[in-house]
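Per-chain numbering from 1; labels A, B, C and D assigned in written order.
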């Protein structure tokens, strides 16, 4: 088959019960199309693969023209973070339930993948964030986040005091359960549960969403995606807080640490079937399609 | 002085910097009125008191006709929890900043306390909750809460799944950051930051307030104060959650534990100056009194 | 058949397209059980009925032991308002779609009605509000409301200024699109869309829900159901506002008018099938039963 | 004085009681600096001005290098709409109360205006919307909006059904009180009261904010500022709705009308004093600067 995607890498959800069939079917489909496959070690457990085709996730991008992520949105988030320094596109296959990011279902996989290989697909570019924890002027930790960076108070009663800066301008000081710094991709995830707005994924924007702020007039703020976000915190008694990037837990933070968040200069290239419709996904996932009740 | 409050107990905020003056002034005032004073050990550090007048908080109620709590709302919450099994009334003196519960300020203390001693006061009865953690049919922990019982996921990404019951009827299953079970007193506290309604303190009502629920149509529910609230939880991977009663942290919970919450048969008797006005406190504390911006 | 409900009145949704079959089936069912039927004129159009069994809605209660309302929640709201001065119970039959109030569907009507006639039912008592518009000390209009009283600005840009009182105590002054005064029954209706809490229908409570208030710290307030609610308004330029009670539009109001709202001394007796479950209705109507999305 | 703003136009708030002094002081200040002044007829009532210097608002831009708007945010909104087809910058002077748009107060006017004339100012470019009502393929009305376009149900109970499109893609169908289509400038105005996010004014973004939607999972959506927004509506019984652009009421709409909203190709050039700080304005106007309550 004549396709621009001659070498494809597969990353699948770890420890997933019912994934073997889908992975096997996908491998068969791609091999019949003459594609050279590379698998991360986790995925390789599900199929027969020779050792030279089994590669760590971080290295997949060097060999491949496209990465397919099989699982839920969480698996694709991990894949995107692993690819942040590359320019390889990514496409998501779900395990039977539509995700915001993984929109090819096993039943329609044959037809949809065929179309993608033939060059009929929709390509989106989405921003991804880079977070640095800075202690005494040293970067002590660095992590990417495709959905959101979330700062939480550590367990305890007693809220956390957070100071936020945008491009070095002081935004506000809040007492709350925490603060979310979300990409448009993350606007349909945790930030949405905390009252943040939906943001079209094509936008170059960052949402600052307070988590249960004590000051009731505190509201989510959307700023330009090129903004440099800075966050400090203090918490009486405990002086500690927790930072997560998507589902990755960073080391406990200390009072005085500075969190620096910028978008990565690269964007994530996310492919969709040609009939992809962001608003339709919203309608399905958020139950908007239900007939209004009288 | 002829007063119904012949013996008064004082409980003051622990480790408070500027409290000595207020405590001393209050003691002078009460002693000049011929009141017999009892002090908890913490409060006794601020003044001269003979040993037989220094009594543990839990025992103050046996000797006293009235308890005065000096500090912020948090101090009064502690006092109320300590008094849950007694019928002794409680009044709150703040340290210069109006609280929802402590509404006599140091400047007006002389006049207001005088009025209260003379029998001119406003008495409210407010419900208070009793929480039991039940593991394998045993009550392994019990704690009272005047503001709220709050169940939180422990640190981690990954929301917690919570099942709620009211009088054994299944209410709902939610994935969220947690659940607050609040009294009307607590409706102006943490529950308010999480989207709960204000509830008049005179009401016999309990509010169930989800914390950042994943299902966007989830909403706070107000039920009768005599309802028996039951809560179960599960959390993937972690299987642990944290329960707090006001600012008291309970031991970590395990999946399978059952949380049982009922109002205590007693009510807390809270006294206020005769000109107390709940709605005025709301207006001041929530900044409603600000002129509307055009 | 031996039943306490020997004479039943039927009130059906006006101008409903597909109601004839349900009304006919219900009449057949009841007549076979030996019940004497009375119909309001609207309902009588759907079946053969002798003139002496056709009675205006307002008079049905005098002749009947039970009123059946056939249609949606709106039809039952109308029936309840018409019955406010009587003590006759009410039960609701829907036209195929579960309502909050009308919970017997046509398919299960035979079995459920049979059970009710045999005395197996669940009875609830729910409060209902009485609203008076007072102009220059005269009551110029009076109207009952089972869901809510809603004060809106009339069309125009420019918000309305509203002052609210509870038992003559000033609550607050707000600039907003309006104010809802809702019963627990109405807490699942318009008030819910405006951010009000769900309130268990058994409660004697009234919710004051601001509509899009300019002051962001303004919040819904729940007060005792025996409270006397007073509302005044002013609006620059226009000096008019609109008041509705459920779906009944009251005459345009003028600045200076006073709105007085109290619960009616009677309660509405609402019957349900024996397996009625308020929380299940919530779960179905609010889509809580959907599996959480990962 | 050597300044780039040699000819300045003044537009002041109509029918404002206490504006005369500020207008007079401003005229004196500018004339002493050698500026040629043009006044709209309304403003000319407050000062002595020769006829050739009194010009309709729409024509001011042709003669002037800068327009000064004296009044509140509403006055500046009007000025901006009048200038939509020009490229003349705009600056706002308030009457003693900080606005989101008018940030020079009378007391500091002398110093701030002096700085602006000398070229020390901060210039922002903000998007502005153009709305067309299309009936039977004809544009029957056209209006600009600097804050927001708002579609409301006309008076009545009964919500309105609204269909929204972004770049011809169907977004959703909602039953609600209405829909706001807001600029970043409007994100601090009516949209904020309806739950919309704050959006930094520099952004090229449009917020779609549902007004009290019946479907509780409906949420504000932020889309690219170059999007073409389309809105249709239907309302049972009434078939009418009201459209406003800022504070301008458009003719009543009929069911079947199509509302087309795009940003104007021009941006509004808004000048501020050099020390302007958007986040500080937020903190002041939204009361964020208040110390957290314990």
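Keep this in mind: a contact is a pair of C-beta atoms (placed from the backbone, for glycine too) under 8 Å apart; a residue touches a chain by one contact, two chains touch by 3 or more.
What you are looking at is a predicted structure, and each value in this text was computed from that prediction instead of being measured.
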Copy-to-copy rotation for subunit B and subunit C - C-alpha atoms, rounded to a multiple of 5°: 180
Of all other chains, the one whose Cα centre sits farthest from subunit A: C
Winner on C-beta contact pairs when A-D is weighed against B-D: A-D
Centroid distance [mean C-alpha coordinates] between subunit D and subunit A, Å: 36
Rounded Å distance between subunit A and subunit B, as computed from the means of their C-alpha atoms: 41
Approximate Å spacing (C-alpha centroids) for the pair subunit B, subunit D: 46
For subunit C, residues that touch 2 or more chains besides their own: 192, 214-217, 219, 286-287, 290, 293
Of all residues in subunit D, those that touch subunit C in their complex: 150, 152, 154-158, 176-177, 190, 192-194, 211-214, 216-217, 242, 244, 246-249, 286-287
Subunit B contact footprint on subunit C (complex, rising order): 161, 166, 169-175, 192, 196-200, 202-203, 205, 207, 214-215, 217-224, 227, 277-279, 282-283, 286-288, 290, 292-293
Residues of subunit B that touch subunit D when the two form their complex: 72-74, 97, 99, 215-217, 219, 285, 287, 290, 293-294
